[in-house]
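The data blocks that follow each hold one structure.
Presented sequentially are two complexes of chain A, the first with chain B as partner and the second with chain C.
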Partner chain A sequence: MARRASSSVHPIWIIACVILLFAAIAGGWLLYRNVSDPYRTLTPLDVPAYLENANSLRGNVYKISVTVDTQLAWSPTVGRLYSVLIDGKSDVLPVLIPARFNQLNIQKGQRYFFKIEVGDKGILRAQDVRKV
Partner chain B sequence: MLELRNISLTAGRATDLLLDDISARFPQGHLCAVVGPSGCGKSTLLKVIAGVRQPQSGSVHWEGRDLEQHDLEPHEIGYVPQFSIAFDLLNVTESIETALRLRVGGLDESVLCERAVEILADVGLSEIADRRVRVLSGGQKRRLALALEMVSSPILLLCDEVTSGLDAKAEDEIVQLLRKLASAHEDEPARTVLSVTHSLRHLDSHDSVAVLFEGRLIYHGAPELLLHYFSLDKQEELFPSLARRSAGAWHASWQKHRAAYQAAFVNAEQIVARAEAEPVENVPAEEPWKPPEIPTRPVEFMCPHFSDQFKTLLKRRWRIFFRDGGQLALQLALLFGFPCLVVIFAWDGLPQIQNLTSSGNVVQQLLETAAFTLQSSRVASLVSGLVMFQVILLTLIGSNNAAREIAGERAIFEKEKFAGVRPSSYVLSKAVFLTTLVAAQSIWMAVFVNTICRFPGDMLAQSLILVLVNGAMTAVCLGISSLTKSAEHASLVCVYLVGFQLPLSGAVLALPHVIAWFTRPFIAAYWGWSGYLQTMRDTRFYDVVQSISQTELSPFALCGWVLLCHIAGGLLVAYLGAKTSRWD
Partner chain C sequence: MKRCVKFSLTAGLFLAAPLFAQVPDAPAPAPPAPTAAQASSPQQSKFLGGDVPMFNPGTEIVTWDGHNWNINNNRLFEARFEKYLNAPEETTEQDKQYQAILRTILDKLAPEHLTTKSVDEAFRLLPRASNFDIDARLCDGLADAVYSAWRAQDASDRLAQANDALEQERKAAEWNAKVTAESGKLDAAPPAKDKDASSEWAKEQDLKRTMRMQPYTTRLAEILGTIKTNQAKKELSLLQAKIEFQALLVQLFFQRRFQHVLIGTHFYRAVFTNGDTKLEVGKDTKDMFQKSTGMPPTVGTMDALANEAIRDVREGVQAFRFLLQQNELESASKRLAEAFAIGEYLPELRTLPRDEKRRVLEFSQKSYQLVSAIEVKDYALAEKLVKELSTTAKDFDTSKPMAAIETARTVSAMHLAKARNAAVSGDKTTLETELKEATEIWPRNPALAEISGAIFSQGDVQQKALVDLDQLLSQHNYRQIYDDKLRFIAASAMYPDRQEQLKKVLDQMQIIETAIIQAGEIRKRGDYAGAWETLERAFKQFPDDSKLNQLRANLTTEAADFVRTLRTAEQLEEKDQIGSSLAWYLKAQKLYPGSEFAQDGINRLTKKVLPET
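After this line comes the complex of A and B, so read on.
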């Protein structure tokens, strides 16, 4: 047994460090999963299915990650209609941003996460909007 | 009784013997001079007795118990190394009072002051009690070192070259002091004192002399028999005369004659045994150097509580900080100078960005897009650069905060740890001290830049992320400081670490994905930069930075988490580094 003055680190400390390292990585991963995708529990919109038959998805809630393209229409009471590019795809979809999001400065080129509901006549209505 | 049994120690290869089969006994109340030519293993032997070095074979015993099995308590052993063990910026009284607070628990303030005064008187430093350590002479520093060991009244005192480099008068005084410390006096117990020395002038003042030559013990007996054994006329001829024979021959000779010389040696063990049997009043007062009695220890020593040591260490750190004019000036320069460097680039605030209108024909839209791209690139570079500039400056400050913090006083800390200071108290005191600096530096940076440049975003969140990034680098550098042996080495490693922050952050040049995946978790600057930009998430500045940056920005919470992990990891490494023995 080493004497007090020449003591070194006990192996249990090494084990503790390894456990803490794994805990840090696991914590980081969990955090990343939760905060990097605010709609983690929602299903991504099946764009081909939507384009094929929007009514079949009516009433469902999905998430999409988009880049804003153009503002198509605007009404102070109804909201703003945008064409958006689905990230990672070439599809362009119209999304209605209701009037309660009027304070948001939505500009061309910005990236957003949308929580959308497929409404009547297949209109995609944003229920929640988060910047990527 | 201190007993060495067949101590052998090698350096690296088994043939490089530093100590070879050393056996000796030193009774309590005994003053022994350990002498020998340079490199003969004197200091090494002392380190083996202290437990600083582990012998390959043999054992050290105290009162019959093997110290490998049951070591001496910190207050039972004093070790005065060759280097100075006091802080230059404290005065003599402060040094002793701090040592008392760190090593002896349960003393109230008045007792502590009385004890400090007694120790000062014992070692003859009362006249210069308020003098700073850095202006003390060599002899006064040696006295102070002895005084620091006296705070816990150790029963075994090991002194390494405490008389080297002193003038004759100072040397005389130190030897007399050692003589006094070895002897029982007033309420102080007799103690075993081993003094490694080069000087042969005062051998007669010692109870015994141990001569080492090339790692072997070639004599251990009465000083008055030394000349006879080596066939010398004068003690000064001792070292040159050793060359007459090999160390092995000397050792064999000593093994042969040892019994005869030790029989003639009026050894202190017998005196002690006699003294124990006799009433104390029979001991002649005019012969203080004879170990006449071994009184019971007057005070039950107990190690101070963790929190007491922490408070003492923290108080000392702040005292030294405010007395170190150079460090104080540097800290103020960094605190006020670095934020000024940042605002130079955005004195008039950040430019606004004209949005795309998506109107007109295709040509107009293309022209508009090109203008927008150019404008947004300029603004994004400015915003991203200013954020990264703040972050990099704070990592530099963090490195400056902590690189020398432990490495710069490692020798003193090892000595204090030897004397009972807990690594946990020590590291916590450093952490609290540095946290104050980090908070002041980072919050001031955030407030100043935000106020002058009108940076958008939540100032509280910006302050938080800057505190975390500065704290992360400070903690990591504190860990490095505790792992390295010298302050220069620690500073160099920390500066390299800061140097790698910018290129590996990906803020300027995007790293290949695979490399980024491995390096990014360790680059505090990336998390600071990314976290700061997230505070501007609701602004156009965030959009344009995101549009030009090929490096993905991470969420604010994740940035905070990773930086907190850096801080925790750095402090853990600092603790483990402080816990590990690092004697030279």
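After this line comes the complex of A and C, so read on.
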């Protein structure tokens, strides 16, 4: 009886494929991350420095990725003041969302990218808001 | 009734007697308020320049010169009576001899034995009697009076003899005048027809007769005048002797020397034998005798009164002895005092044994002490004396003193109770008033001293507490005030200003204490931040409380993260770093969501960020 020739894939190939697959996924994730950050050119806010002395940061623009916590105050003409949780940290910061963003429905638990400016008296004022 | 009047007379005389010779050396005790009976008594008569003392046996009150004394309670009587009670009985041989002499004199002068010889013998005994001390030379006075009367009588006799001689001379003068008038040689008469000559002749003859009779008629007139003068002198001399004798008798009577009065009256009757015994005394004395006896004052009246007094004293002494045997000392002392007031010098009283008198003395001393104790309102002593007196004298009437004592005790206790209440309530005016009332009623009340001491010591404590309170207030040491609040509340009760300050402090401390208690409860739940915040709130109001500070310090350690976060927020807020500060407040709120400080900070800063909200 004739012996049939063996047709199975060599295991090395299988391992290499798996590695490539994971690499592709990781690369895709990294790519996604870089592409999805709208303010990737901005420096993230140095929260400890801000908490220590906000005056030293006045006039600077930063980016922060936050989760909305509480609306502290609202003024139809000036805007809304929120307390937000800095992603990946336990710090809570107050951010003033100007009135021009009034059309946004900002609610507790929502995640946002804020382009912020450290204003007079250390008040963080949002210059741009992007929902994550 | 009549006897009573006699008694009043003699008692009155007793009190008058020392007044003749001495002036009271000290003011008498305060007279009792005049009763209605006294007020209605007739006005006192004047005697020897003053009022005659009158004794009211019903009230035992002697009235004299507008003043009243209780016969058993005046210094003069008390002193004399006490002296008598302490004196030994006069039963010595000398005393017996004296009494024997007096009795002999009276016997010899008794009407049934009365002769010139017996009178002379009695007279000779008078100097012997006066040699005894007890006699006080009164018998000498009597002897002098008798002698003076006799001298007066002798002078009267000589005047009578002189008058007899003058009468003879008068008769001779009359005879001579008559003979001279009849036997004169007449000149020849002129002729009858010559009327003028006849008339002239008659006138001449009359003139001659008159001239011849002139010496005899003049002498006759002189003799008649001398006779009349001698008669007047005789009457006057006798009257003067009588009055002097009677004055001596009245004096002896007032001195209560009744034995001497009897001797004197007997002598008087023997000397003045004309039967005229009417006393020539002043109107007042006469009235007194008349009102007492119902008869005009005579030697006989005085004699009867003296005898009656002697009998009364004898009876009083008998009663005294009987009562003493019965251990009824109060009555016994009264009877003896009455007898003494009447007949101090009578032998019945002078011979009483000193032991018997001493029993009365002890009772009397305690009685006087009781009266004095009640007068000075020492009711504790009075009560003690009443008990002693009721033990020693079974007839001692405790009702009056005990009524006074009990009344004083009750009223005083009432005022003291009011004073105590006033002290507690801080009513200073009422306290002073009630203490004053209680003191006036019973000055030596032991309860008064006790309560006053308590109140005054309370006052010291109170003053010290007030000083402490002022000091602690100035130091803002409210914790110490709170810890000792009961003392300060009591002390400041009477001081409204301090009360207000204390109230404010205690209110503050109440807030602190409440915060401490709340913090303790919150801490028990493990909520250190909440407990700290509770104390911090109180601390901001009252930063000086040590206990609060201590607990707050402990909780600051236990809630260190929260406290540090909050402090940082506050510091940044002070620096006007609103953003950072708000961030720290938000962080603090995250650490302790219930934090009011964090919420307040957030609210404040939010307002600054968005003022329109």
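Just so we're on the same page, the second predicted complex is superposed on the first by the 99 of 132 C-alpha atoms of A that agree within 3 Å, B and C clash if a C-alpha of one lies under 4 Å from a C-alpha of the other, contacts with A are read in each partner's own complex, and residues count from 1 in each chain.
In this section, a residue touches a chain if its C-beta (ideal position, glycine included) is under 8 Å from a C-beta of that chain, and two chains touch if they have at least 3 such contacts.
Small disclaimer: the values here were computed from a predicted structure and weren't measured.
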item	value
Partner chain(s) touched by A:Val118 [first = chain B, second = chain C, both, neither]	second
Touched partner set for A:Lys131, first chain B, second chain C, both or neither	first
Touching partner for A:Leu93 - first (chain B), second (chain C), both, neither	second
Touched partner set for A:Gly27, first chain B, second chain C, both or neither	first
Touched partner set for A:Ser8, first chain B, second chain C, both or neither	first
Touching partner for A:Ile19 - first (chain B), second (chain C), both, neither	neither
Which of chain B and chain C A:Gln110 touches, first, second, both or neither	first
Residue ranges of chain A touching chain B (in the complex, touch as defined)	1-9, 13, 17, 20-21, 24, 27-28, 31-32, 35-36, 70-71, 105, 107-111, 131-132
List of chain C residues in touch with chain A within their complex	572, 576-584, 586-587, 590, 602, 605-610, 612-613
Interfacial residue positions of chain B with respect to chain A in the complex	50-54, 67-69, 71, 74, 355-356, 358, 417-418, 521, 537-538, 540, 542-543, 546-547, 554-558, 561-562, 565, 568-569, 572, 576, 579-581, 583
Parts of chain A lying in touch with chain C, wherever the complex brings them together	50-55, 72-75, 77-79, 81, 83, 90-94, 96, 118-119, 121-124
